[in-house]
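Listed below are the structures to be examined.
First chain A sits with chain B, and in the next complex the same chain sits with chain C.
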Partner chain A sequence: MSADSYLAPLAPELILLIGAGVVLLAGLMQSGRRGPWVSMLALLVVLLAFVTALRQSVPDGQAAVLGLWLTPLTFYTRCIALGIGALIVLINWYQPVTEERGEYMAMILLSLLGVLLTASANDLVVLFFAIELVSIPTYVLIALSQTDQRASEASVKYFFLGAMAAAVLAYGLSFLYGVAGTTTIHTVTEGVATSTLPSGPDIGGLALVGVLLVFGGLAFKVAAVPFHVYAPDVYEGAASPVTGMLGFVPKLAGFIALIKIFSACNWDLPVVVWWIIWIVAAATMTAGNVLALLQRNVKRMLAYSSIAHTGYMLIAILVGPVAGQGPMHDGVTALLFYIAIYGAMNLGAFALLTAFRSQGRPVETLEDIAGLAVRAPLATLAFAICVFSLMGFPPTAGFLGKVYIFSSAFSLDQPHPFHGPLIALAIIGVVNSAIAAAYYLRIVSAAYIGAEVDWPVRTGGIPVRLGLALCAIPMLIVFVWPAGLAGEAQSAAALVNRSIQPQSTQVTSLAGQEGREAIPTGFNAQDRPQSESHPPGDSTGSKTQH
Partner chain B sequence: MSIETLRICGIIILLAPFCGAVIAGGLGPIMLRGRSHWPAILGVAGAFAAAVVVFTQLYGHGTEELSAQIPVYQWIIDGAGSAFKVEFLIDPLTSVMLLTVTGVSLLVVIYSRDYMREHGKPERGYERFFAFLALFVFAMCALVLGGNFLLLYLGWEAVGLCSYLLIGFYYSRPAAAAAAKKAFLVNRVGDFGFGLGILLIYLSFGTLEYAAVFDMVQSGVLASGDPLTNGRVTTIALLLLCGACGKSAQLPLHVWLPDAMEGPSPVSALIHAATMVTAGVFMVARCGAIFTASSTAMAAVAAIGATTALFAATIALVQTDMKRILAYSTISQLGYMFLGVGVYAADSAIFHLFTHAFFKALLFLGAGSVMHAMGGIIDVRQFGGLRKLLPWTFVTFVVGSLALAGFPMLSGFFSKDEIIHHALVAHPLLGIIGLVTALLTAFYTFRMVFLAFFGDERVPEGVHPHESGGWMLFPLCVLSVGAIFAGYLGVEATGRGFHHFLTPVFETTFVAMNPAHAGSHEVAHPGFWEHYGLMILSGGLAIIGILVAYIIYVKRPWLSGLAKASAPDAYQTLWNKYYVDEFYDEALVEPARKTGRFCVGLDDYLIDGLIWLVTAVPRGIALVLRTMHNGAMQSYALSMTAGITIIVLLVFWS
Partner chain C sequence: MAQILDMPLFNLADSWALTLVIFAPLVGMVLLWLPPPGDDKGIRRSALFASLVTLALTVLVVFQFYSFEPAVRQSRAYAFTCHVPWIAGTAGDSATIDIAYRLGVDGISIWLLALTAFLMPLAIWGSFSGIRTRVREYYSLMLLLEVGLLGVFCALDVLLFYVFFEFTLVPLFFLIGIWGGSERRRAANKFFIYTLAGSVLTFAGVVYLAYYSFTVLGTATLSIERLIQAAQAGHIAPAVQWWLFLAFAAGFAIKVPLFPVHTWLPLAHTEAPTAGSVILAGVLLKLGTYGFCRLSIPMLPNASFELAPVVAVLAVIGIIYAALAAWVQKDVKKLVAYSSVSHLGFCMLGLFSLKVIGVTGGVVYMINHGLSTGALFLIVGCIYERYHTRNIHEIGGLARQMPWMAFFLIFFTLSSVGLPGLNGFVGEFLVLLGTATSKATSDLRAAGPLGYGYVIPAATGIILSAVYMLWMCQRVLFGPLKEPANTPDTSTGLTKDLTRREISILVPIALACVFIGVYPKPMLDTFKVAIERNVLRDVLPAERVTAETSGLSIPADATQDTQSGEGSPAEPDDGVPAQPADPPRDSAVLASLTDLDTTGGPKHER
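Showing the complex of A and B:
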């Protein structure tokens, strides 16, 4: 196999990597002049990577190189990460106000690169590095985003806590390696599968410790209770456009990694583990929403709201893949659908906070945005669409996202031990959505009927407003025509199903169909077919023919 | 007919007004401003053109299959293979409704161009008005075109929303805000039942598609294979009827419509007379398979219709606000339509809906023209003798009034007569109620005409009346032509008329199930006296009503005072609309308010206390952690470590 055939499928990643270097250098060259052309360059890089990713054929799950495995999940994640990545660049257009724009934009690109690698990682070590590649640039971004002390403090806090989470994650991954004797995720599947026993100090128990620690480490990335504690402080400390990114990029990487790790376990863990995730999910959405209710600072409110959304998405993780089902009955599809919508709507909300200044600082509180609709009707309308979408109110995509997530909770059949608890969790989720409506509506009503205290000053130029519009418009389009995104999410999730069921034929088999039908619906180890096979390709690709 | 053409037309009918709304609303405040009516006019005109194409595709195809279920795309995909689709059902019923809706809308939008101006300058919210109006047309067309109950429901709620927004258009006026709220809340009651009905349909039949549901109803099997019981189909029909009563302002949910007149007059003409309020009639006709499967439901429809017709007509006798008189008249006419559907004469009901759209829109626009000239005053006690001052308005208004009154050979005469005829055949009592109402209708309509346009010339102080401009008179003239001639479409001499076009839709439902001609598809041809006798009778009643009104209000004005004085109690009861509003206030609104206040108290003391308690726990923990650790970050790290430890321990101790 030539280097070409290894590298060609990785073109989007390579474009981002090279682009980050170019942007970094360009930033150094432009010292003195502070034109927006570094941002333009970064946008071009992301768009180029996006177009490249779109133009590549959807991987069939055959190519496995360099510890990476390209699947439809990779394709989907690439597209939403780069698509929303472009919006992130737009909204960060005028950031930072100091001269480090080259570094700043390069960090955004590297963070996106981390997400892309997470999506294709097929090796525990690659997965770990990819996840850290998502996080490390964000520490820099927070510090660069504002010059005040809050940003530095947030950055340091996030760095130390993130380092701890990374340690927990690495520790958990080392357990998995210890149990399986390999770092290739598919081989881990077999190692874990043959050793998973309900409890006890045996090898299965060790695998379980591994999975739990990995869950803990990733729970930090997605900001789930009790690993969410950092989120409000950090989100508030960073500048709004960075916060918009922080609410999405690490979360996407975290959830993709969770899908991979649970796939490695065949979604087949002792019930007590699922109960723990159940409790975490319920606690996350409730804590996020209740705490957001008490806020008057819109940014902090949205920070708590992003915690609550993690809780909703954990419901879908609990449901897991359900064989051959559509988005209404498959947890993974629902999750992938939701997270794309969430990324845009969350970013849109923060984009408005970027676009205006009041009393010499970016708008942050309810008082700051009061009466904004009079001053900026279109921007406020776009913002309101995003907030209504966060609320899950028709006619916005957020409504359908919630419909998919909550209805997926009903998809496990009656005799299943988690049938009842999942329905209970969905009900908790719906109640939480109602609670959330209270503070979301408070934001919208402040913008529309609040009496303005001080005219906010428009700061964001056309790029920021364009970013805001491009966050809001898809919310309506996806509501009217969800089948496109849902179809992509469904095909991305299909191979998640297949990947937990390695093929019993040789490397080049295409046995997709029968693989999909034989998928266990999770939880019950007994009727899972044991197979002696390995996935197409392994970590080094050495077994593939040259 | 070509499916592809119909699909494209359907998409245009929806998208054109929608784009108009988006452009008017989006660009209006920035650059269009005083020209914001153009996107709305063009959008609605596009929809009207497409509706005409749909009609030509369907018309004149004899016995060919006239109903097309046209999928557009899948909306929400259900894993089990079924999906909620965006699809159209296009048949003659759809076509008639589309023509009515887009045609009247187009005229009303044109009319609004001048109406929404004061001294030539656009009113505040000019672009908002046109954006909402175009949005309404979109929603109404979605309601009519939709091929399943989901789209019906979406359209249903969307027109309700537009209605709410437009009633409250002058939101700074407390009366308008209150009226909007009232319309919204009363409709909630109806829509709740409607929503339940749709859910029950989904539970029973496993699909929301019209064709599939109606097939299952007619074959009498549920999705599960069990037989469909009469009780269930009656429940579904009555729940749907509940929604229809809310939307079409039938008893006992009629209270919102008179108040809805707080909105601008074009809105009253379009939404609260010609189109949206007829959605209930349309829905019952569309769901004929469900309603005709339950004789109880049909009887309920007919009874509600007849009662409402009489009830509202009596109230209209004594009101003095022109728009309110027209509002009660609308309720009364909608009652006729329900009566028509209820006695298995759905085609006649839709025919009446069609003619009514012309003359009632005409009357409301005429009233709007009067109001425009009188500086916003619409109470007939404050002006009179306007026929010289507003000649065009006067002529067109009289045409509309004659049509409404059922004056022989005008449109209202034909359609109303048909309904009364069918009612007399089915339930003589309901037919007689219809006849009495016809007499009352003629009387109150011309009472209004005589008070406003005859007698001594009186105008409110400080008002300089002027005839409206061309933008307003053009729609009035077009509608007058419709009000005079629309009725002749229903005269079946040519065999190519309205009923011939429409009846195939109801072939298997209202026609086949009609107990009057028990299963036979041939309508028994009535003899001369059965047919023309009734025509003469109802025409005579209309003329009597008009003459009585003429005598009382023009020749012998003191007679009206005498009537008031001789039966003060009856007069007061009618003046206060049978005290229904007061009754609802006492029985429902006040208790709800009290419950609300109680809940607020509960919230302030109990819930807030609980929240304080609940939040006190984490606050306490945080406090403890803060004092234990010298800085927040360490406490965060601690809580994370504690979390992971507890999780691992839980697994191994369980």
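Showing the complex of A and C:
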């Protein structure tokens, strides 16, 4: 293979990488003047990468190169990361207030590059690097975004905790390496499937520790309880447009990584891990929503709301892939569908906070946005659409996202041991969305019903408002026509599903390796009435093999 | 008329007529942005025009519905059906998900559609003098609300139903929150959160239903028609029915509102602007009862049958409790609001008698309540605009000041308490009759769940309602004149008595009340057909036996045929002789009752 055939599929990544350098240099060259053209350049880079990614044929899981493996999941993640990345650039158009716009934009591009690499990583080490590539630029971004102390504090806090999480993640990955004897995720999966792994008495426990640690490290990235405590402070400290990005980019990377790690474990999670994630999901959405109720600061509120959304998405992670049942019955599809919508709607909410200033600072509290609807009806309408979407209210895409997530939770059949717990979790989820409505409603009602205290002055120019509009309009479009996005999400999830569904009875699993302590879960859900009936608990077979 | 209906436009209309009707107000919203800002008059007129166009379209649809020969109407369950895939999924070649934009109307929903389209222009017209701020937003939201309401009554897909059902909350939230009274924010929030809290459980139910239909039918369908068929074939397990019934009831009962969960309603009503109250009482509350009637009863027959006594007891408690509560209200609007709770209790009682007569009564009650209570709220609004108070103790003897208002207030009070000859009577009578005869069996229809035990307290409720409504009238209209200082306020162009605009708003409603009171037959006919076919097809156990013995894939009419062929005393006949001495005025109703059978005749013979 020539260098060409290695590099051509990686064109979007390369464009981002080179673009980041160019933007950095461009920023240096124009010091003194703060024209918008650095932002323009960054936008062009992202759009170019986006178009390139779209034009590439959907990879069908060719052989891995350079520790990367291009799958439909890569394609999907690239598209949503770059699509929403363009919106992020639009909303950050006039950021930062200081003159380091070149560095700033370059950091956004590098962070996006990290997401792209996460999506194609096929090696535990590459995965780790990719995830850190997502996070490290965000530390810089937070510090650059505002000149006040809060931003520095947020940046330092995020950095230390992030470093800690990275250490935990690396530690966990090293355990997985120890178990599998290889760092190639692809091979880990295949190895597990064909049970060629070196097996010994301790390995089950090691794998358990590894999976738990990895989950812990990634839980930080996606802001799940109990690793969520940094989120409100950091989100509040950073400037609104950065916060909009923080709510989405690390989360996307974290969930993609979770999908990869869990599919390396054949989604047949040890029961202990499964229950831990169950508890984390329930606690995350409840804590996020309840704590958000107590806030007056919209940014903090949205920070807690983003924690709550992590909880909803964890439901889908628990369901995992249920192959062949269409988008509504597959956890991974639901997750991929939801996270794309979530990215846009969350960003839209922060775009409004970027677009207005009150009392000489960006709007932040409920009082600041009181009565905004009279002053800026269209921007507030777009904002309201995004907030109703976050609420999961029809007619917005957020509603369909909830439909997908919750219906995936209902998809395990009666005899399945997790049938009941998942339904319970879905009920906790819908009750939570009612709680969430209370504070989202407070935001909307402040903007529409509240009496104006101080008329905010519009700051964000056309790019910010365009970004806000482009966040809101797709909410309606996707609601009316979900098939497009859902279809893409489904095909992205397909390979995840296929890779964990080798020829039935030979399926073994990490759980199977662990021997007694792992109750067979039959997580691959082949015990559907439609698919060829398969006794719940694939690992039962594998145990007898060992 | 027939020629007009045969115009090409409305032959095509078979599939997209309803879409046109539903989204006409949305198109109308564009009109609101044509007049320059500040031109309130232009905006108001555009809004009225948009809602009138919607009404015109609805009327055309209703006429076309009626222009179908009864035989044609009965050969299909729903008219004007359309089907556009929305959420679809496939596994291999077979469709695994079938959730679609499905619309269609039957005899029940066509009238509720008409009610909505009829009340909306009146509500909009009624707001001309009351709404002075943010006019454009106000009328936009009214039209948006109309979209949601029309959509609910046309939806034939459970998820689509839920979408419209939920969506109505948003415009009403803003209508109450922005243009409401002094406690508007609290009222709007309570209204929204309270109803949402119930309907998220409904949402869980809907999602579970999609999954369950996947396990039993192989396709996650939410088509109401297919799910009813599945229920008929006994595919929905009783335990599942229970859970689904509870989940649906959580949303619907709050909307109705049924007794223990009615507390949001008085506050929302008192704080809402007049038009908001009109639509809230007139149409929005019907979404709950309509949900029971369209989804819960036909899809979950076993659970409905078993839980009917519970619902009925709650309904009866609500009837009495809300009547007593209304009695002691000082605020006229709150009094009317509590009377709504009481009246909706009747509606629920009728629906859960699970007999054709009772359900017909319940549905008629929905329409009647929409007309009378809507009008009462309009009148209270007229009083409030002039006197800036709704306190019974502060106003009195208004009959001399406002003779027109007095006439209408008494008229609609009588209609609301069920004076024979006006609309309220028809519904009340049918509900009580249906409840009383619910237990009656014939060889083919099993006993219904309710009986005389429920009629007695409910009838007490009627007496109570007469007491508090008439008492309110007496105190507001008669006796020595009492007016707060500096009133009536005519600064906004109002006259002392009702203006011509206000009279023209009330007259059509009054005419509709008289029409339904005197000649309910056209309505009852369509109700009967729709109820037998789309609601009660398979609710009572004996019928289910019939359906099963005659095979599962029989054409939709077959069950009805066998029944009427063998057991000519269909159950309305059981009821009619049983009724107590009839007041002489209700001959029209009686005629219509007997018609209820004879109109079914041609169908049975076919």
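In the analysis below, the second predicted complex is superposed on the first by the 487 of 546 C-alpha atoms of A that agree within 3 Å, B and C clash if a C-alpha of one lies under 4 Å from a C-alpha of the other, contacts with A are read in each partner's own complex, and residues count from 1 in each chain.
In the analysis below, a residue touches a chain if its C-beta (ideal position, glycine included) is under 8 Å from a C-beta of that chain, and two chains touch if they have at least 3 such contacts.
The structure presented is a predicted model; accordingly, all values stated were derived computationally and were not measured.
> Please determine, from the superposition on chain A, whether chain B and chain C clash or fit.
clash
> A:438 contacts which: chain B (first), chain C (second), both, neither?
A:438: touches chain C, not chain B.
> Could you say whether A:294 touches chain B, chain C, both of them, or neither, answering first, second, both or neither?
first
> Please work out whether A:374 is in contact with chain B alone, chain C alone, both, or neither, and reply first, second, both or neither.
second
> Taking the superposition on A as described, I'd like to know which of chain B and chain C A:483 touches: first, second, both or neither.
both
> Using the superposition on chain A described above, determine whether A:400 touches chain B (first), chain C (second), both, or neither.
Both chain B and chain C are touched by A:400.
> In the overlaid three-chain picture, which partner chain does A:162 touch, first (chain B) or second (chain C), both, or neither?
It touches nothing on chain B or chain C.
> Answer with first, second, both or neither: which of chain B and chain C does A:247 touch in the superposed model?
neither
> For A:474, decide between first (touching chain B), second (touching chain C), both and neither.
neither
> Once the shared chain is lined up, is A:216 touching chain B (first), chain C (second), both, or neither of them?
After superposing on A, A:216 lies in contact with chain B but is clear of chain C.
> When you line up both complexes on chain A, which piece of chain B, out of 61-69, 385-393, 439-447 or 583-591, runs into chain C?
Looking at 61-69, 385-393, 439-447 or 583-591, the stretch of chain B that collides with chain C is 583-591.
> Give me the intersection of chain A's contacts with chain B and its contacts with chain C, in residue numbers.
After superposing on chain A, chain A residues 324-329, 377, 400, 403, 411, 482-483, 486, 490 contact both chain B and chain C.
> What does chain A use to touch chain C in their complex?
324-329, 373-374, 377, 388, 393-395, 399-400, 402-403, 406-407, 410-411, 413, 423, 426-427, 430-431, 433-434, 437-438, 441-442, 445, 448-449, 482-483, 486, 490, 529-530
> With touch defined as at the start, can you tell me which chain B residues reach chain A in the complex?
It comes out as residues 26, 29-30, 73-80, 611, 614-615, 632-633, 635-637, 639-644, 647-648, 650-652, 654.
> Which stretch or stretches of chain A touch chain B in the complex?
Touch residues, chain A against chain B: 156-157, 160-161, 164-165, 168, 199, 205, 208-209, 212-213, 215-216, 220, 225-227, 229-230, 233, 270, 272-273, 276, 290, 294, 322, 324-330, 377-378, 400, 403, 411, 481-483, 486-487, 490.
> Which residues, counting only chain C, touch chain A once they are in their complex?
So the residues of chain C touching chain A come out as 85-92, 96-97, 134, 137, 159, 162-164, 166-167, 169-170, 173-174, 177-178, 184-185, 188-189, 192-193, 196-197, 200-201, 203-204, 207-208, 210-211, 214-215, 218, 220.
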